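Letters A, B, C and D mark the chains in the order given here, with residues in each chain numbered from 1 onward.
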Amino acid sequence: MVTTATQALTGPDVAYLVPEIILVGAAILLTILDLLLPNTVRRGFLSWLTLAAMAGSAAVVVGQLLSFDPFGENAEVISLLRDSYRIDGFALTMKLIILAASMLILLMGIRTIERDDAIPDKGETFTMMLPAVAGALILCSTADLITMFVGLELLGISTYVLIGFRKKSKLAAEAAFKYVVIGAVSSAFILFGMSYLYGVTGLTNLGWIARMLEQAVTDFKALVYVGLFFLVAGFAVKIAVAPFHAWAPDVYQGAATPVTAFLAVVSKAAAFIALVRVIFNTAIIQTPFILGPAVSPVGEDVLLALKVLAAAAMIVGTTAALRQKNVKRLLALSGVANAGYLLVPLAIGLGTTSTNNLGDFSFYLVAYLFMTIGAFAVMAVVSQTAGHDELKGYAGLYYRAPWTAAGMIVLLISLAGLPVTGGFFGKLFILLSAAQMKDYWLAAIMIVTSVISYYFYFSIIRQMFMRTAETEAKLSVPVPTGIALWICVAATLALGFMPNAFMEMLEQAVTLSRDVWVAMPR
Amino acid sequence: MLSSYLTMAAILFCIGLYGALSKRNAVIVLMSVELMLNAVNLNLVAFSKYGVLPSLTGQIFSLFTISVAAAEVAVGVAILIALFRARGVVNVDEFNEMRR
Amino acid sequence: MESSFPWLTLLTFSPIIGLLVLLFIPGTNSRALRTAAIVTTLVPLGLSLWLFASYDAANPNAFREQVDWITIALNHEAVNIGSSAYVFQYHLAVDGLSLPLVALAALVAVMAALASVHIKKRWKAFYVWFLLLETGMLGVFLARDLILFFLFFELTLIALFFLIGIWGSLNREKAANTFLIYNGLGSALMLIAFVLLISTAGASLNATEQGGDLVYSGDYATIAANLTSGESLTNLPGGYDNPFALSDGMRWTIFILLLAAFGIKLPVLPLHTWMLRVHAEAPPSVVMIHSGVLLKMGGYGLIRFGIGLFPELAEDASFVLALLGAVSVLYGAVLAFVQREFRLVLAYSSVSHMGIVLLGIASLNEIGLQGAVFQLVSHGLISALLFLIVGSLYERTGTTELEELGGLARPMPFMSGVLLAAGMASLGLPGLSGFIGEFLAFLGLFETMKWVTAIAAIGVILAAVYILRSVLKITFGPQQERYAVLKDARLIEAVPMIALFAFIVLLGVYPSVLTDTMQGSFDNIIAHLNTRMGG
Amino acid sequence: MATVYSQYAWLVPVFPLAAFLILTAFGRGLKQTGAIVAVLGSFGALALSALVLIEHLGGADEYNDSFHWIKIGGYALTAGFDVTNLTALMLVVVSLVAFLVNIYSMGYMKDDERMTVFFGYVALFTFSMLGLVLADNLLTLYIFWELVGVCSFLLIGFWYQKPEAKAAAKKAFIVTRIGDVGLLIALLLLFWYMPDHDLSFAAIENVFGQTGLITEGITTLIAILIFVGAVGKSGQFPLHVWLPDAMEGPTPISALIHAATMVAAGVFLVARTFPIFEASQAALDTVAWVGAFTAIFAASIAIAQNDIKRILAYSTVSQLGYMMMAIGLGSVTAGMFHLFTHAFFKALLFLGAGSVIHAVHTQDIHEMGGLGKTMKTTAWTFAIGALALAGIPPLSGFWSKDAILAEALHANPALFVVGIAAAFLTALYMSRLFFLVFAGNPKAGGEAHESPATMTVPLIVLAVLAVIAGFVEMPFSGTGWFGEWLTGHAAEHEGAALVMLVSTAIGLLGIYLGWLIYVKGAISRDVVTSRAPWLTRMLERKYYIDEIYHAVFTVSLRAIGRACDAFDRHVVGGAVRLAGGAAFWTGRAATRMQSGQPQSYGLYVVIGLVILVAAIAGRRFW
């Protein structure tokens, strides 16, 4: 039974926050270290320390996951400050995903950032990722609007800075500014929505909101709608679904490639994770015996809005990418389409025949993570060598770096949703869920846009394999980038050939009623 | 009582939104964003007093908002300065080197 | 008799084994690469012929490999029925429908590998994609799980994209792109249909062995059984409507999706335009496979999934199908008649011949269906032969424009003779395989739709018109100076030509080789239709 | 009586098939020996057929053997052979003519570098034709039917470098294919209407022999469709156009395929499936009238032609028309009888013409003349053939034509008149041909020599046959066993004397007229041309049939093709491009959003939100 009584944060409770504390602490320490060190010392080692901090954080998360034992019968959700902070299966799984992605991005970006002349202060760039990741982790664990807002802003402000660190690039400053403006506006939207939700239910706790929503709808119907739709719109900006995505290509283009990858994967994933919490406590509600859609009074409309957004994102992202010659922008638009795909499992809700347990969402998120980071890894190398982000930089890549080109094929095929890759099964599971919920039009749009996307994903392949390069020089791939790339390729293939192992793990790790629906008593 | 506060906040939000979306001067844009956030604060405080379940939560929330907004604007201005150094202008509509 | 050794897996993946060997051969050693590739393709050919010989129509289940591949136990709490699971199997099997096509695929692959002597660059990559393609097409014909089928289907798509795009002629990239998007669309429609099938008819309740009460399965047999029996889920708690029952509208939707998906592949009018470009741009050895085998996947899919799963809808739609087939036959023939480029003549001729497949399918009786499959195999052999010759011709003359060619019978009597013979096979001369397929399809359809058959039979005349026009233009007529020095076929070209033609003659003279194998393969469909008619 | 040889009759076609295979496989190394192989092959066939015929003349029973060729479910398509008196006779005719033509060709084709190919084709043709004759059911027959067609095509186009040969070969194949489709559909009809789906001729006889098993409409339809096939193959109007053009092939081929055997296959087919026709009077009438019309129509064209082979070709068309008419009148006996005699004398005429062409290297009869002096054997044998064709007693042609005319007089006097008219024209054009070529003064400079023995011996053999072949069935009592033996019906003998008188008189009249014009010059050669130039021109242009066909079929087919091509490019292709374009246009619109202005991005957010709220949430309030 949820009590409204205040919970105090006790000493032992702080132990649960260790992953975030490690990141924040490391951020502070490394920043101080960076300041103290003379300019002559190269900052490269800071990146490895950052990586170590993330690894440490990840290790703690793994430990928490093991002790939480999400697969066991009596896993106990740890709730701090009345669900301001939750340690549950969902949070831990997502944290692991976020940390894995961050580490891969860092690994892939170490040499890229070191070689980037537009970034004068390399050290800061690495350390600044830590608070951003910490913000993302907070978003995974929170079930309270205030904490959620703080997490969002921590992530957001850190990424503004990350983009801006590329000081010598005019584009980067412009990108950072655009991101600030749009980010701030979206934050304002989210906040505005949150304020109404708080107002009509009386608390910022999501569980409480879920419980009070029915009453609130009868009393303040308009306010609930406005609140929820503002919230959704704000999040739509963060996850970049059409028509709230327009900032993404510009911002992605201006940022350093690793930062772009961070935006495309970590920021997007974190926003999605928070959105999951919100949607599953406002729109999709737990009923004791689900027959028919398990939605709240406003849920149907919110879910419809999400469906429309998903469809729009898929269509706009895919078609806009058709004409795109800049690979970074192209990947940004691909990210828009993928956000649409990711939104589908949320938007379709739950029903009698559905197997949707966020497994399809998580699976595709993981697949998206690997294939996108891998693609950005290749892009980082190619762009840096070519000096631009244009498609023609890939011409003849097969001759210059055959193995990298081969790896890129796997990633692009996965992005296009072709077998046998993680991207294919990710989409397949989502499709099956959509079909089970009889949302056929959404499934159709999903598949058709996938087909259209072949055009631009394969245009990269065409450049790599069917065009001749301007230079015959071999392309050297830095070792850390190479490692990140091949981890991504291997993971993409592994997800394709053995989707069952991972899918089952995700399915079992997350239990809706235990982890995501925060309000209901167990 | 509540509704007047809410109306006031909504108007404030809209003014802020309008400013953020239409002013050419980047500094004014950032200030308009502040206005939007303050509208939210007004909402929160009003709900905290006159909401369905009056509690301190709203006021605490507004404290968070205020501090975060400050941080956000600080970063925004810092970035704007970098941008101004690079371009020499603060007109938002000239920050369109990247498009299409 | 369950065969314990995984012959079918070996058959399907033997090209991959060869591919691994190939990777260790230096990329500059074209001769070794080619030899390795040819030897590799011989393995599936040998295996498939052995399978063909040892297959017994009375015991169609002798070769079957069924392993759970992707079993995903899903968290149970979202569903109140109990626990649930996805079960996608690694399930390979042969029957009278797939076996002829498997053998065809293996045979054409060998011939195409031989014909790949004309490939001039990047041999290693070529054979890598080539062997992947072979695995893909063998897998398509053997797979009995929807998802597995789809995987193999897409594998052929990707492999062919590369084969066209890298080794094709002038407009190769555009051709590759058109191919990719069009066929991608086709497989997308197929995927939608499959997803719908899996999430409705694929669902079965109380399959407790998988650890779940509600199982979503991609197994063909399960889906077929559920579809025909009508109800997959009868004892839902609380007396709710069966959420897995397919409404008539949904059945039609799925059926039409399948028709469109495989219709693109076949290709059926008006979904054929992509094929023209592929025929004209892809390297001839690849077109051999494309026209010889890949188009057949469309026909196979139509029969296996379209007709096999929805016989009663197929019956309702049979008139439309037959009409479509007849129009394809005539339209393709008329267009073939006015083309100026020999490869386009052949492309439209394929449209026309695949129309006959459609006619056979539309008949929905055993003769017609066997005729359709026979026509698939026969056209596979014939078009492979024709494109084999086209490859050799193009190698020598540098053109396939009809206006440019002429009088080639003098410098190259052998190749011209084979071309003429292949043309004769293509226009359905008795004694060659083309006639049997055509005749059986007509014969089958005639039982139900006499007028459509009669109209389509005009295509027989038109086939003679366009085949003779183009073939005679190339071979007959006064010799042209610039072609006087051309050499006739070399041994490595002549061997596949003779081999293919020998098979064409064999099927034409002794069609029972194929029809006996197919015996009984359509019993389920026919029986279902009969009961429907009776009831 | 026991059938000893008949059960091995299937071996008859195997001999030439073996010859074909040997020639094809090892042809390039064989050269002259190739010809020997072919001759041996055809001789083997001839010997065995002769034995079979003798056996059947001795009264052997029918022999039939078949097996399941294709078995599908409960249906079976069989293949097999059937030795009846009719087939035994045809076997001998075919293999005999083939044998003689093979020998003849050894001389005629001596200098051709592709001689082995030629003999290979001839062997393949012989095989197919014998197979056609032996077939015990319609499907098997159809298969060989097509095969002889393709052999005909190959041999017409044998000199493939000549554009005319190429065109003629193509035309022959396509025009006969039109007829074949008719036969094919008839086959399909029969398959589904016959009890047990049995296509054998025996079953056809059983089923159509009894009334009511198959409705009359269907029967007529089947019969007409079969006849369409026969029309194509036998060059009947309106599908006769290919046969004259087929003369582009080597002359021995014209003798073998386009005079004696293959073109008669149509008649043979109708005779073989006669029970179907018999069951439908409408079908019989159609056959008779088409045949009669063709007979007079082709004969009239023959008068105005100048190419020696074309004249003979039109003559063949005309005579085939006679045979059809006979069968249409209900007398298979008369038709087959004429087929039998015609095979010999027409082959003889063609081979004789070949001998002439071989000597003077032209085919234009106006460039010939006076050859009778230098080419005595050829001239004499040709004369026998011409007289036989003209129906002068006691040569074979007289008896068979007489049987037909007697039948016509008995059954349909109108047709009798047509037949008599055609007979007159036949006599006229043959005398024109003969006199122009062999009489008068040499024009080719006297360099013409008699052909070698390989060519003249077959001429002599055929001439003998052309003389005596008619005696098997004379309308005198006691000698008419041929009809009984062949079909069980004797030819019509009623009014025979009158018919004999009239036809002989008409034949003589024609010849006399020809003599008057072309030898004596009593009547000017351009007597008609000067009075009615349009008539001559029309006959020379063969009633403009080719032109009409070209305009109606070729041009329109090409126009349809062009139209379809445009449709394919613009409509079908356009729809595809439209779909692709739609995606691109959407993309362009989406790209428009990327103005680079962060404030417009913010505006999109607001607009998007407003639309969402208005469209979705708004439904709850309004």
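Just so it is clear, a contact is a pair of C-beta atoms (placed from the backbone, for glycine too) under 8 Å apart; a residue touches a chain by one contact, two chains touch by 3 or more.
Worth saying up front: this structure is predicted, and the values here are computed from it rather than measured.
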Centre of all protein Cα atoms: which chain's centre is nearest to it? C
When the contacting C-beta pairs are counted for B-D and for A-C, which pair yields the higher total? A-C
In whole angstrom, how far does the Cα centroid of chain B sit from the Cα centroid of chain D? 95
I'd like to verify one number: the distance from the centre of chain A to the centre of chain C, where each centre is the average of its C-alpha atoms, in whole angstrom. 42
Whole-Å gap separating chain A and chain D, where each centre is the average of the chain's CA atoms: 79
Hey, how far is the Cα centre of chain B from the one of chain C, in Å? 62
Touching two or more other chains, which residues of chain D qualify? 591, 594, 596, 598-599, 602
Which chain C residues touch at least two other chains? 181
Junction residues of chain B - those touching two or more other chains: 17, 20-21, 29, 92, 95-99
Each pair of chains that touches, named by its two labels: A-B, A-C, A-D, B-D, C-D
For the complex, give me every residue of chain D touching chain B. 591, 594-599, 602-603, 606
Would you pull the chain A residues touching chain C in the complex into a rising list? 289-291, 350-357, 359, 413, 418-420, 424, 428-429, 431-432, 435-436, 440, 443-444, 447-448, 450-452, 454-455, 458, 461-462, 465-466, 498-500, 503-504, 507-508, 510-513
State the interface residues of chain A toward chain D in the complex, per the touch definition above. 177-178, 181-182, 185-186, 189, 221-222, 225-226, 229-230, 232-233, 236-237, 242-244, 246-247, 249-250, 301, 304-305, 308-309, 315-316, 318-324, 452
Please name which positions on chain C make contact with chain A in the complex. 69-75, 77-81, 84, 86, 147, 150-151, 154-155, 157-158, 161-162, 165-166, 172-173, 176-177, 180-181, 184-185, 188-189, 191-192, 195-196, 198-200, 203, 214, 216, 238, 240, 243-244
Going by the contact rule at the top, pick out the chain A residues touching chain B in the complex. 145-146, 149-150, 153, 156-157, 160-161, 164, 167, 170-171, 173-178, 180-181, 183-185, 187-188, 191-192, 194-196, 198-204, 212, 216, 219, 249-250, 253-254
